[in-house]
Structures are given as C-alpha cells and as structure tokens.
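Going in written order, the chains are labelled A, B, C and D, and every chain counts its residues from 1.
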C-alpha cells in the first residue's frame, strides 16, 4: 500500500518531545497531543464511573439496602450512567484513538480544523467540570435517561447542572464528528480513494454522521428540560399539558444512535486488529465498510423500541420492532466477515488480538440478546429489567470497552514508542474476559426472572445471582487495574518499540514511533488497496 | 413466591406466559446456535491457523470460496430467523394490547411510592391486588405524579403508568398463588420499595374476599355521587332529563364516535372523558359552545377514575359491541351493589337501564 | 511531490471554483423581491379561511422561500455535489425525526384501548 | 470558523496542515455546511415539539397564535429578508474585491439585524405586559382551551428565543468581520470568514421563514372560533 516509508530518524524530535512544558500541551493543536489530553481525561472519568459501578455491585450483594440509603444508591447509578455513557464511552475511541490515528491513516498532517479539535477538548472538560460539580455537591438521582416529569418536577438532585454538563459535552462530540467528516473528505493523501481507506476510517466516518445529526437533538431536549425545571415553562410535564412520551422520543432519537457511536468505532478497531494479526485482507471489505454506514443510517430509525411499554401506539411499536431487526443485519454481517477473515489467516494471538476475539464473542452475545428486546412480546416482559442491563453491558463493556482496550494495546507502541509487558497484558485480557462474563451473564437470568433495573433493595430469591455478579465485578475491576498499572509502567520502563511492531500495513505504521509532529517526513502517496500483505513488506519486530 | 430462596426461572401464571416462554425458547436456541457457531469457528481458526513462522499466507481469493454467495447467505438467513422473531413477538404483543371485551375492570393509581388499587365493586387496596383465577382482568391505570410501570413478572406483562393519561394492561391468571408486583419505571427514591403482591384466588375465595370489603359502593356509584356533587348533571342532564340543550347528554355515549367542532372526529373513551373534564375546551363536540369550566384541581386521580367509570356505566347505545351480558358470578357479586343505581332515573328511549348499570358494574 | 499533486485522494472534481461563483446582482434582487412578495402573500392568504389548506399553503410558501435562500443566497445551486448531499442529509434527517414521531402520535388510539 | 485565526496583514497562505489554499477553503465550506445541518437538527427538536402539540391541541394553538401581531411579524420577516440580501451582497462585494462595499453591506446587515431584534424585544415586552409568558402569572384573555395555551407560548418563546440568540451570536461575529474588513483583510483570493458567516446568517433567516407561518399564521381567519 505504501511507497514512502521513511526510516525513523533518531535525531528528529517526535511529537512528545518537540515542545515542552504544560502550556505546550494545553495550547497544542497537534491531533496526537490532543488525543493524549483526551486519554488522560477520559481514563480519569472511566475510573470515577467505575468506582460507582463498584459501589452499586457492593450494595447489591445483599437484598437489603444496608450499605447506603435509597437516595444515595439512586445517585450512584445515575452518576455511573452519565459518566460512563457520556464522558467515557462516547468520547473514548473517537476522541482518543480516532484523533490520534485517523489523520495518520489517511496520510494527513492533522485534522482539518486543529483549533476546533482543541476547542472540543476544552468543551469536554467544561462539561466534565459541571458533572464533577454535580457529583461533589450532592449528585443527581434521575437516572441517565432524565425521564420527565420526574426529572423536571420531582427530583431533588442537581438536574439543571447535570443537564447543562451533558448539553455542553454534546458540542464536544459534534465538533469532533464535524472535524472527522471534513478531514476524511478533504485531507486524504494522494491516491487514497474511498475504497482504499482502512475500515477504521469508514467506521469513524459513520460514527461522525451520527454525532453530527443526533447530538443536537439531545442538546435541545435537555435545553427544554432545563427550561421546564428552572422556569416552570411546560414542555413535557402533563401538569402543564405536555406529553412525557414526547420527551422519550426526543431523548432516544439521539440516545439510541448513541449506542452506535460507542460500538461503531470499536468495530473499526477490531477490524484493524484482526487484519493485522491474521496478516490478511479483511474478508468482504466493501460489506464491512457499507455495513458501518448502514448501521449509522438505520440506527436512526429504531429508537422507538425503547418505548414499547411507554404508551406509544401499537402500530408505531410494530414499525420500530421490524426496523430494529433490520438494523441487526449489518452487525451480523460484520461478525461473520471477521470470522471469515481468520480463515486461512496467519493468526498471532498477541494481546490486541485477544481483545478482538473477546470482542467478537461478547458482541455476538450482546447483539443476539438485542434481538430479544427488539421483539415486542418479549420486550414487554424484559424491558426495564436486568436483562436490558446485561444486554447493553455486553454491547458497551463487552463490545465498546473490549474494542477500546484492544485499540489502546494495538496503538500503544505507536502512541508512546514503548511496548508493555506481553505476559501481564495477556493475563489482564483473560481476567477481564472472565470477570466480565461472571458479572453480566447472571444478569440475563435475573432479568428473565423479572428483577427490575434501578432497584436498591430486591426480593431474596434474586440474591444468589446478584452475589455472582458482584463477585465477577470485583474480578473485572482487578483486570482493569492490572492493565492500568503495566501500561503506566511501560511508559517509563517499557522496551522501545519499532515503527511497526505488529507488521501492519496501514499508513500510521509507516512512520516513526512515536511519530514526528507532522506525522510523515513526506506526504505518502498511496498506490494500492488497503491491507495488501506480501511476504517482503511485513517487518516482524516483536 | 415468598418461600423460594433461589430460582432460575420465573413462575408462569398467566395465559400469555406460555407463549412468551415459547418465544423465549426459540430465541435462546437461535442465539445459542449462532454464539456457539461463532465461538467455535473463532477458536478453531485461532488454533488451526496460528502463525508458525514469519511467512505470510497467500491471500485468499474471496471468489474462490464464494465470497458474494457467503455474504448473501449470512445476511438472508439471520434476517429470516429474526423476522420470525418479529412476527411472533408482534402477535403476542397484539394480544397483550387488546383486552377482551368482557374483562373484569380494576383501576390502578400509581403514586410515589405505592400502588392504589380500586375494584369496580368498590373494594380498595394498597400494594395488593386480589383477583380470581381464570378471569380476564383489565387494569386501567394512571399516576398522580411521575411515570411508574405496573409489572408482574409471573404474568410476563407490564405497562407504563403515566400521569395525565390512562394506560391499559390486561392478563388472565392461570395459577393460584402470590406473585410480585414491581414498579419497573424508575420513579424516585423509594422506587424499589414500590412493590406489591398479586393474590390469584379461586372464584369462591375471591367472592368471599370481595364481600368482606368496604361498603362504599361500586366505582360507578361513587362516581355518580361525585358527578352530582360537582353539579355536572345540572347541564349534562341525566337519563331521564335527556336534553338540557347546552351540554351533550352523556347517556350512551361511551364507546361511540362523536363529531367535533373543528370538523374532526374522536372516539369517546376513558382518555377523552378525562381530557374533557380537565381541559373541557380542548375537544368540543360539534353544536355546543365552550361553556364548561375546568375541573382540574377539583378531582383527585381516584375521583376522576370514578367519574369516568360512572360515565362508562351509562353505557353505549343499545346494540353497541361493548355491552356483553354479565356472567352469573358477576351478577351475584354485584347484585347488592347495583341497587343504589336505582337512584338514577332509568327511563328514556334507547337505554336498557338494567343492562347498562350492570355493564358498568362489571 | 506534495504541492503539485493534491487531488489524487480527494473527491472527484471538487477543486473547481465553487465558492467564488459571482452571482449577478439582478438575481439577488429578483430573489429578494420574490421573498418579500411571498411574505406578504402568505400573510394575506392566512386571513382567508381555507380550512385545512391554510397550513398546507403556509408551509409550501415557507419551503419555497427557504429553497430560494438556499439556492441563491447560499449558492447551493452552484455548490458541489458533496455540499448538496450534506444539505439533503440534514433535511432528510429532520423529516425523519418529524415524520416518525408523528407516526406514533397519529396512530395512538387506533386500537381503541387507552394508552395503546 | 477556524479561519478567523488566519493572519490578516499579508497574502493569505494555507495553514501548515493543508496542501494549499483551495483545500483549506473547501474544508471550511464543508465544515460550515456540516455545522449548519447540526443546527437544522438543533431547531428540529423544537419543531418536533411544536408539531406534536399543535396536532394535539389545535384550538389552543389557533387562539394563542391570534395573540401575536401579524403586522409586526410580517414586517419583521421583511426586515430579516432585507438583512439577508445585504449579507449576500457583502459576500459578493468580497468576491469582487470591493472593500468599501463589504464594510457598507456588513454594517447594513448589522443594522437590519438590530432592527429585527428591537422589534422582537418590543413583542416580548408586549407579551410580558399581557401576562402571556408561561409561568405562575400566565393568562390568555379570550383564549380557547386555556389549559393548553401555555404550551404554545412556551414554544413561541423557546423557538424565537433560540433564534434570537443565534442572531445575537451573529452580531458579535459581524462586528468582528466589519473591523477586519475595514483593515482590508478580505480579498477575492481569501474571504472565507465573510462567506462562512453569510451561510450562517442565511440559515438564521431560513429558520425565521419557517417560524413566521408556524407561530403567526395559525387560523388568522378565525374559523375555529
């Protein structure tokens, strides 16, 4: 694929060392440095959100509410949801890995609007500060879904501050998406046609479409909610003549596609990892590429499956149900194509590949259980139970976070020029996989038995499964901690990684590790399709 | 329910539970098949094609293994299987959405954080629901504050309970016993305390329970009392004094479709009556002026339900599909409570007073 | 090789002068007059009782006016295919939002069961 | 609007990560249009709420809409269309390199926009005086379905308020542009900020073109009474 692969010149400074001092980071417009800024902030939010998860699982280890009172518990799961969904999952892969890798993958020096990129980080931080303020001043207890009229007229929490935090944060996602769209259209290296693009880029392009088209709707919805709560101007509360189901429509118009914001980039990461570690062109390139776009487009047509029991009309429910089944097909196509890519590949079970395989397994389960929830008759029984919790954690933790971890491990040598411990990283991957399944599989059973979500105390017959789940959560937590420790350790003590430790073919591996500030010594010219592996080109360094 | 400390599968205690479980079994089978298929293939490929030296495999020509055909196969088969899920689920949902016409009426009001339940015969209970086995039960539900959700896992059904409107849920219990009622829509601090119990009883036990209940009269009677107390009859008239001219007479309108002033039509159902009491000007019947004041704030949700039930008991015009002869048990159960209905004048052309009263009292 | 070779990887024929299209002043004036006239026409028509046609007429005129602004003031008429696609996707998604939610609101009550 | 950072007093050059000026302009144009579709969706949420409630409570919307002043509304629409024309002419002046005309037309745009906001402020004040602002003291004299009329006014203030806030943001950018244009920052080779702001201003105009019939023109004939 590549014609210019300049050797890493040792004397040339890389993007990490070229400028020094805090201000050089805070005022940078280098997409790679902004990615690092995001990495630090997003991981911090991940651990805050994770702390709440730990507290939730601790409380649920016993049926009675003996650790905290109901009000506190409600704040725990609300903060867990808000932080994990809006401050971790949505920015995680696009803003960190996408920001870092996407311009390099298309042979560009930077994103189209570097200053807007930095601005989006600051907006994210301002949104984050609002959220932390909510957290420290007493929390919010509405659930991350903010359903009216509870949120607008009954909740005692800091709904307005939380709503503003999410509102502000939304613009960060919009700007990132806008930047990616323009970059992919305008900044590709010579010769890099659409069908030579790495599939990671396709996935991010589709993600950006959702961010740009969906996020404004949640912003205006929360804006109306804040008006209703703050000024008692009625929009959704029946007491003012409003329709609370309209809020749900507007909320899920964004928040269902938001699930695809979380999973599509992860799918892109997994595609990259699988092709690299099978040294093989992905099976069905065009199908994987177009399935990303199909998910983004059809993903906007299915939000009503969150409203089957909400007094939405039966006929609307039927339309949403059948559309939900149709949007499942592109995901199925991807899973089959990944599997087929491994066929007759040259499989190396390095750490990123372990995460990718874990992703395929967990995402398959997450996706298939989504089919249960798309079915009207089944949804009536299962919605708002732990089945839903298990389903979306299989998709978001088993899918999105596995992809994130895989991506971090895959591009870590590129980002920092160092390699982490191969042994510990594999151990951590296996611990995370086991812990995850132990945490969330019992929740499927709980859900079918009817345990509702957001329950602080629960009947005794649910305890055994809840204890299993809590045990799994502690294993999962250990897994993440181990990963955190050896990754940080590697920054200082890790072995130096070459420019292309995995023998990958995409453009970002054709420059030094860490890259120079301009990414490439010379703008690369692309003459081949993506993922063309030939025996000579692969440099196996590890 | 209570004595079991551990179980892996919920009780199945309603007529719908069997079909939901059947669909569940189908979905579990399909999911298990595909999960295992993918897992086995991935693990097998990972082992079989594990890299042994640094050579790179010859690229696989997608055409040689029928790439396009494979893509079509693995798109179409899952689509077919999932459309079965859709059709099956939709048919169950349709059944769940359409209560049988002769279902027994129970009224549910959700409130932070309790369930208030009123039986048509007048019995009232909190966080408990006593119902007879093998009878269709129809819940008409509303909320006084936030959104709740009435969920009985053993019946495999739930529906949101919203403020400002009525929602409906129905089931037919098929197993004696006690089952959980959960609030399944997050409703605030004590959300997880908003639970209750359904007691499915045999018919005689149920009648006995009903007889020991309160003597406040049936829902419709209490509704009629409110109707008179608020002076509604002064304008809307009654069955004897049918035409006062300024306001539509309410006898026999329930379930019919009326023409509105703005040229559209609406069906007279619980929601419409509710809206007309609270927002009388929203949908004015053709030929009348907007002279009715709002009763917002003057009626509680419970009271509103009673008035609505009273107007329903005035019944559809004769021959309307909703009037089904009551079953013998109902007659015995409601015989005594129908007497006060005699206070309401029961004449007038086109109205079958006894049937109307009993229809309402079912 | 960089400076004389920038379009290889980019979308087809996007480098023509899309933005510098100089529109004759006459077109601007004509569009402007049309917009003004339509504003007063739509205000006038609104005072007639056309029943359900009223909203239809009002929205049609509004859509027509918006199209004039888009095409001429915003130069969409001379814009690249990509720009047109971006605008169309925005409009498409807006219609999606409006139409699908209205689909729910319109079909409520068809069952004849409250809340279904 | 990244290009606002471009140096003013020299021949414009592409920022380092662009191959050339053409690519940079292209990028700005696409970026601006993508931004505008996010704006479409942003207002779209309010339009959604509007249509939902209008179809649910037609009588309330009809009578509440009659509380607005048709003449003022039509006048203000005219003012805004005029400002759109001057904006279009400002862009044209930039493209043809007439520096003084740019400044003139931008100032006209600013003045017309100011007139629009002034009229809007008068209307708000009028509503405030007549207690037609949703809230505790709300009343709507002679309105039908009084229970639902606050919804109309909530949407009225929500939609026109959001629209006005876009205009106020536009004001600040206009002032900046006028200053830069006065310094001769925009040449036929590079006038991206003026052009991008033009797109924004016309978009704001389009929003109003829809708000006007939706808020002012319901049942003006009084047929529903």
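Odds and ends about this structure:
To be clear about the criterion, a contact is a pair of C-beta atoms (placed from the backbone, for glycine too) under 8 Å apart; a residue touches a chain by one contact, two chains touch by 3 or more.
In this text, all values refer to a predicted model and were calculated from it rather than measured experimentally.
Chain centres here are means of the Cα atoms, and by that rule the chain farthest away from chain B is D. If you compare B-D with A-D, the chain pair joined by more contacting C-beta pairs is A-D. Note on chain placement: the centre of chain B and the centre of chain D lie 46 Å apart, centres being C-alpha means. Here the spacing of chain A and chain D, counted between their Cα centres, is 35 Å. For the pair chain A and chain C, the distance between mean C-alpha positions equals 34 Å. Chain C has its Cα centroid 43 Å from the Cα centroid of chain B. Chain D has residues 19, 23, 26, 30, 34, 37, 40-41, 44-45, 48, 52, 56-57, 147-148 in contact with two or more other chains. Chain C has residues 2, 6, 10, 51, 82, 89-90, 93, 97, 101, 105-106, 109, 111, 115-116 in contact with two or more other chains. Among the residues of chain B, those touching two or more other chains are numbered 97, 159-160, 162, 165, 167, 279. Remark: chain D residues 57-60, 144-148, 224 touch chain B in the complex.
On the chain D side of its complex with chain C, the touching residues are 19-20, 22-23, 25-26, 29-30, 33-34, 36-37, 40-41, 44-45, 47-48, 51-52, 55-56, 70, 73-74, 77-78, 81-82, 84-85, 87-89, 92, 95-96, 188, 192, 195, 198-199, 202-203, 205-206, 209-210, 212-214, 216-223.
Interface residues of chain B, counted against chain A in their complex, comprise 1, 4-10, 19-20, 23-24, 27, 30-31, 34-35, 38-39, 41-43, 45-46, 49-51, 54-57, 59-60, 62, 65, 67, 70-71, 74-75, 78-79, 82-83, 85-86, 88-94, 96-97, 112, 145-147, 149, 151, 153-154, 156-160, 162-165, 167, 180, 182-193, 195, 279.
The part of chain B that touches chain D in the complex is made up of residues 261-262, 278-279, 281-284, 290, 294, 296. Residues 65, 70-71, 74, 141-143, 145, 147, 149-150, 153-155, 238-239, 241, 244-245, 278-281, 283-284, 287, 308-311, 314, 317-318, 321-322, 325-326, 328-329, 332-333, 335-337, 339-340, 342-349, 357, 360-361, 364-365, 368-369, 371-372, 374-381, 383-385, 445, 448-450, 452-461, 463-464, 533-535, 538, 540 of chain A touch chain B in their complex.
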